[in-house]
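Here it is, the structure, as structure tokens.
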Amino acid sequence: MDKNLLLKLLESIAAGRVSTAEAADRLQHLAYEDITYAHIDHHRSLRKGFPEVIFGEGKSADQISGILEKMIYQENIILVTRIDQQKADFVRSRFPKAVYHTDARMIVLELTPVPIQGRGPILIISAGTSDIPVAKEAYLTACAMGNTVHTIFDVGVSGIHRLLNHKKMIDQATVLIVVAGMEGALPSVVAGMVDRPVIAVPTSVGYGVNLGGLTALFAMLNSCSSNVAVVNIDNGFGAGYMAAMINRV
Amino acid sequence: MDKNLLLKLLESIAAGRVSTAEAADRLQHLAYEDITYAHIDHHRSLRKGFPEVIFGEGKSADQISGILEKMIYQENIILVTRIDQQKADFVRSRFPKAVYHTDARMIVLELTPVPIQGRGPILIISAGTSDIPVAKEAYLTACAMGNTVHTIFDVGVSGIHRLLNHKKMIDQATVLIVVAGMEGALPSVVAGMVDRPVIAVPTSVGYGVNLGGLTALFAMLNSCSSNVAVVNIDNGFGAGYMAAMINRV
Amino acid sequence: MDKNLLLKLLESIAAGRVSTAEAADRLQHLAYEDITYAHIDHHRSLRKGFPEVIFGEGKSADQISGILEKMIYQENIILVTRIDQQKADFVRSRFPKAVYHTDARMIVLELTPVPIQGRGPILIISAGTSDIPVAKEAYLTACAMGNTVHTIFDVGVSGIHRLLNHKKMIDQATVLIVVAGMEGALPSVVAGMVDRPVIAVPTSVGYGVNLGGLTALFAMLNSCSSNVAVVNIDNGFGAGYMAAMINRV
Amino acid sequence: MDKNLLLKLLESIAAGRVSTAEAADRLQHLAYEDITYAHIDHHRSLRKGFPEVIFGEGKSADQISGILEKMIYQENIILVTRIDQQKADFVRSRFPKAVYHTDARMIVLELTPVPIQGRGPILIISAGTSDIPVAKEAYLTACAMGNTVHTIFDVGVSGIHRLLNHKKMIDQATVLIVVAGMEGALPSVVAGMVDRPVIAVPTSVGYGVNLGGLTALFAMLNSCSSNVAVVNIDNGFGAGYMAAMINRV
Amino acid sequence: MDKNLLLKLLESIAAGRVSTAEAADRLQHLAYEDITYAHIDHHRSLRKGFPEVIFGEGKSADQISGILEKMIYQENIILVTRIDQQKADFVRSRFPKAVYHTDARMIVLELTPVPIQGRGPILIISAGTSDIPVAKEAYLTACAMGNTVHTIFDVGVSGIHRLLNHKKMIDQATVLIVVAGMEGALPSVVAGMVDRPVIAVPTSVGYGVNLGGLTALFAMLNSCSSNVAVVNIDNGFGAGYMAAMINRV
Amino acid sequence: MDKNLLLKLLESIAAGRVSTAEAADRLQHLAYEDITYAHIDHHRSLRKGFPEVIFGEGKSADQISGILEKMIYQENIILVTRIDQQKADFVRSRFPKAVYHTDARMIVLELTPVPIQGRGPILIISAGTSDIPVAKEAYLTACAMGNTVHTIFDVGVSGIHRLLNHKKMIDQATVLIVVAGMEGALPSVVAGMVDRPVIAVPTSVGYGVNLGGLTALFAMLNSCSSNVAVVNIDNGFGAGYMAAMINRV
Amino acid sequence: MDKNLLLKLLESIAAGRVSTAEAADRLQHLAYEDITYAHIDHHRSLRKGFPEVIFGEGKSADQISGILEKMIYQENIILVTRIDQQKADFVRSRFPKAVYHTDARMIVLELTPVPIQGRGPILIISAGTSDIPVAKEAYLTACAMGNTVHTIFDVGVSGIHRLLNHKKMIDQATVLIVVAGMEGALPSVVAGMVDRPVIAVPTSVGYGVNLGGLTALFAMLNSCSSNVAVVNIDNGFGAGYMAAMINRV
Amino acid sequence: MDKNLLLKLLESIAAGRVSTAEAADRLQHLAYEDITYAHIDHHRSLRKGFPEVIFGEGKSADQISGILEKMIYQENIILVTRIDQQKADFVRSRFPKAVYHTDARMIVLELTPVPIQGRGPILIISAGTSDIPVAKEAYLTACAMGNTVHTIFDVGVSGIHRLLNHKKMIDQATVLIVVAGMEGALPSVVAGMVDRPVIAVPTSVGYGVNLGGLTALFAMLNSCSSNVAVVNIDNGFGAGYMAAMINRV
């Protein structure tokens, strides 16, 4: 449950604007709510500062909507990741405030604007045009969690002058997310230029021995720069989430 | 070159205590120094806030000492990782201030005490007794970079009450490092309890399908908790470094 | 051949209700029956307590029906696994008693109700909503083999309080089946709470380094809890079968 | 803490034979005891019916002895697995009751004989002479947990008559453990003969594409017999533990 | 070029029935013929006793027909493997003598019946109904190369009595082909029963850790029976070819 | 920017035919041009002798056209690789000079004919008919970079006389590209015949343990001939590019 | 039991030279003999034409000698494979007729000379000097099973003229064994020259992506020649055995 | 046979300085010489411009010396790679002109100085100090084949300014060899700076998911720079050989 919503509810009780019975009804699922096919963790936004995010893959449009219905009274912002156009259309027909981002395959449902909480700008750099969808997923997540986010797209290591020209923006960032497929070399180079934490995101872009992103992943884990940590292949969401978490340490 | 040492040197020139010739001599290798078998990156501590760390594996004791000799006039603290007892003895015979940590297989050479710079305590949790050497490497690194570091060892998920009993220490940490081999489940459970960034370190502890740590690594990258990023197998050093970097965002 | 059916047949012969010629005809395929594309093992229900189960993948609807035709006179309950909607419709048009379960992709053909034979309730726990189809396959199999089966769905380790709240149901089970994809950590945590055998089922749910379920599989095989044994990825049927076998030891 | 020891202690308090102060002292670590390098889970024998087992690999002889010292006052039987001769000699010099089994690389420390608790005999079958050490580890574990255990060694599938001649012993077992390296075919054949649960243990015996046991493991997970579940490569201990757990369902 | 055809041609020249010019024209491509997208090896049937076999996958129907056109004047029997229904229809519209076998996905184009050349019957055994297509490919190939071929389908190791009942047919075979997916155990068991060479064919039938047939392949290569050699996954053609080659040693 | 175009522009300025303002406009993106989804490296043809090549996979037809629009004023020849028929049709409707090669899945957009720059002929040899698309990609690339290119297709090692008959053409080549799938043996044999550099290209042609081309790749990297270097699976473009680079050393 | 020995024994009984009691004693273990750590399959030489072969790896010198003691009264020739010098010395001290072959790491214990039974010569070809030990294991096995065996060593594909010069010996062989490490290309080339069955043996010779022999193995399984079947990595014994089996079809 | 030596011999015959009998003796092994354990390819230096190189691994010191003895009368320069100190000492005791290079584990036996044949300097760049042995192997090979070779060691991508400072040397090279372990990113960055062919050499330096060099290898094969081709892991020799081959195109 969103902390602000909880505070308001408790104030309403204190002020007599809401009966204890009503409040009890509202709070009974504070720990979690069991709707057969899902145990919704309403407690998460209190415990972790951000509500449960719905992983769209492998869930039907009906299941996603069912979960949203239970969450929408408790949260201010909800994300659905890895959801295709068709399911998204169904969801949007029932939740008009839901915005679907085609390239990132993601729904953002925001009731009131999220205030900026991060210590500084997060910078997202991607190596190639084909890596942009993953970078966008990271972008939307970090924004949703209250951060200023900048982006530089398509600056691979085979023309390193393109990267060096963005030195200023790189130096200003408090946290960096670097997205790359193929040989996954970009995070090492970027991390060598800064004294900030870098979250590396391998993508499945490439062919042959890119092995569906494993090569980029392993390269990043072997980075000769030490200020690098890595998330799963194509996991833009996780990178954005982790960066946001770091940005309010 | 250590920023404080650089400032002192410049002040000495300004005050006439050091001749410009002497200073030029000292500063000529500011970018890097080429000693045939190594290009020492003296600029790193200015650029990244911490000097180059010497990776001991695959270097002879002579090479390590040779690099140390060049660095010791420029830096306040130097680390050598993955160095065995025999090489360490050789190094210590030439650098008496060097301290060797047997379990972490690491040398810490600290000239003056490093002041605390982190925003809060870093907490290192390890799953089993056999994971301690990796956890210790993380511990020594994070300490060397100016952090208060706490540890909880041997609290695997098969007896989860051992973990829950340390809830208070867990809640106080600003950054967490979780070290685990075998099925690598601990980071997911710990990360589910906090709203802080968690650096997960897989270890090669186990046998059969632990696959030298790959299973723990992959499990951590697939964590159902989103506030987790991962470093290479047995890379305690990298985890400590990354945590320190995060802790001063 | 179902043991009860066999006993009845023998009694009918003894009572002169069935001629020996008729009986011989019926019993001639007791060991197995060869119908070109299949050697149907009619002896299995005598030898193993449950008839051969038809693996639907890679068989045509015609082949499946052909096998069913031969089995239906010999068995009381027959299962077809991994059968899609289209083939299932064809089969049901010829065997009206066949029930198709869409989520589990499974046909159950039960002539008379199967009596409860298990020592206590089997409990099936699944980590995420997307793991439910596999859990359902286990559920239907264990039910078909004469067990009381309970289920708890969507209680992943990133919000462990959801699991702990079901402690009572967990303690009552004689055998547990735990279904999980991604990092596959749930079986370790559950097994750490009980002194009962746990059958772990990895699922192919996830992406990137979940490697089609291999990561969850390997994690489960490396479980730091010792009361865990594992079946193939997505093999809900095998888990249900094994649990039923254990439950009548 | 061993349940019987706990009962005795409580009776002693009730009878005034032990002061409450003394008892408190004894019980203060009931949940777990923290000795820096290990959190000993004394609660395990109450919760799971058998005390924590010490995994010897990666622990020093000193650490193993340190853990034993804390456990010996609380438990009736303690196992140390994967311990080599040299460490075992050190441990035995301090715990004379400890018996070391060379082939299984295991210490059994039994204070009073463990009574039989299993429903029937457990049968352990191994495919080749080289698989015997793993089979022995399973044997010692199942014995230590209160079972009658029979063994048939070296009956691989290339001379299947050797197996068929042991049909009677096979039919009597309530649970079977089948140990095999190379192609790992034995569990499928054995499981096809019985209506009992079979725990399959792949071993790393073989060369070339046995891939350190992975081939046997994968073959067993793909078994065309459904009453098979699998444990990690060379994990005789886990198989014995799981079989014992099943045998008292 | 088919040896008999070549002999006839040479006799025709000797007898003056064919002019040397005509013959030269016919023989000019004896070594090979280059038709841009293929170097047809017309010499193969002389050198190896059987003409080049056309691998249909990755070739267009046009290319296949183009190659057939050049071969049909030189050979008595031609095989096209791995060709789908659509391409086959196209080919058959141009070569009416071509017979398409749907389950084996194979075309056999036989001008005059091939005489029996093998020393004895070849026996093909398959483990499951889903393995039949691969077994059929082996069957058609061995037949086309002049052998008597027998088959036993669906006799997996989980009901080994089905196999033992065919002992007589097994003992009569001079060469055996054993086709199996999943755990790939059948070749070991069969080979243990005979003193004849066994060609093992792994199939991609199965799921999870069958790994597209790799598990069956590796199991067969690790067979504890020594009279086993293995061909590629799903390579029924190669098995039939190799068996035919052995059968005329 | 194409070197000749640049020289012409500078001459035009010197001759007063182009104002400095116009020229500045034209040259402002000399380093690179940022069009949101791509950083076009216009500097590449000056730095590397050939303009950036557009990797079509994962880019929309719109994005490809957008990049072409910016490049066409700066370059003389542009390649788009891995582009399917549908996207190619869209691109060609906007750039009529673009030629699409169906088998190689590649667009060549050449404004004025490229002069021959290579030291001698490049020879491309492919092992099978199915490898031709990859060989064609190499062919088109090497041609576009100013080379005379010869080809020999379908000369696999199972009929080595076909290869030996082309000895003369092989001896004349200055650089060789050898394309092969399946066991990838051809490069070793060819390289053993010449004292010239051989670029080996593995293809994904095959099935079973060809592992999508990994087997051919690994075989080529293990070549017992030393004058072999390898590019990624199916990377005909890279082979053509590298051969062109070598051919002007 | 050796067939000739059995016949002699039966004749002795018939002739009254051996009492039935003595004979019974001798024949009681005809099926197999259980000596705790091994079930010796005495029936194998009757059933399969060659006695059980002792796999030395993972057995102690004592165990090997124990098995030999039981076999020596029943068989004419016994092989021990993969036995190191030290164990072999121990065995030879107890069985003076045992001959140890250092390079093949194999013991041959032959009581009376084995007569030639093969249809023609077996030819063993190896690619490199380092492959000779594996080739020798095949050589000794095929000899022991009654074959004339020829060898050609060190004729890799990088200098193919060395192979072509041995054409005559190649054409005479009835069965060929081809041993190769690295890229494993030799079997394809050899098989392309003959119309005889070729047994390919991959070796673990090489480094980097030879992957312990997996690359050679996979290349051989992908051979574009159809008269090739493959055995496990370094399995010279299996190749010799299979070739002998083929040579008496 | 060395071309110059051959010419001299032929001139001597022509001049009557050498009898035809003597010459015949000398030339009889021109194609190859069979010394049981090796077929020495004396023809190679004529055919390929450089004599056969002896791969020391898996050969005994005796075998290496035996081969050298046969080659030394035919060649001017001979290399032995992957030979350890002990074997090298043995060889040097018999061939005093042999020079052993400890770090590269290589013997160079040069009778008369090799003249420079390359078109320009070859440049070898290595990423880390631990990669130097592999770089040295490449260096010695390229030198032995008549090239001027320059080196820059320890310039990894985490401090890219170290690389950029060597721009001039990089621009002068006609061929580049780039040696790197860990994430293998250096070749991409270097290749992006030049219009010359780059041979990338992955090394096995690193730990965890460097996977013995596979990660660096795969990263290099996925390079986003097109002027890169790759050799086997740690194959410095092959890189030097290939570079020399390119340098005389």
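Some notes on this structure:
Chains here go by letter, A, B, C, D, E, F, G and H, matching the order in which they are written, and residues are numbered from 1 within each.
Convention: contacts are C-beta pairs under 8 Å (C-beta built on N, C-alpha and C of every residue); 3 or more make two chains touch, one makes a residue touch a chain.
Everything numeric in this text was worked out from a predicted model, so none of it was measured.
Separation of chain A from chain E in touch steps, taking the shortest path, is 2. By residue number, the contact pairs of C-E overlap by more than half with those of exactly one pair in C-D, F-G or D-G, and this pair is D-G. Averaged C-alpha coordinates give centres for chain C and chain H that are 61 Å from one another. Each chain gets one centre point, the mean of its Cα atoms, and the points for chain A and chain D are 45 Å apart.
Chain centres here are Cα means. That of chain B falls 39 Å from that of chain H.
Along chain G, residues 128, 158-159, 192-193, 208-209, 214, 217, 221-222, 232-233 each make contact with two or more other chains.
Two chains count as a pair here when they touch; such pairs are A-B, A-C, A-F, A-H, B-C, B-D, B-H, C-D, C-E, D-E, D-G, E-F, E-G, F-G, F-H, G-H. On the chain D side of its complex with chain C, the touching residues are 47-50, 53, 119-120, 174-175, 192-197, 199, 217, 221-222, 226-233, 237-239, 241-242, 245-247, 249.
Interface residues of chain H facing chain G in the complex, by the touch rule stated above, are 31-32, 36-39, 41, 43-44, 52, 55, 57-59, 63, 82, 202, 204, 212-214, 217, 232-235. On the side of chain A, the complex with chain F involves touching residues 128-130, 132, 153-155, 158-159, 161-162, 165, 205, 207-209. Only residues 127-128, 156-160, 182-185, 188-189, 191-193, 206, 208-211, 214-225 of chain G touch chain F when the two sit together in their complex.
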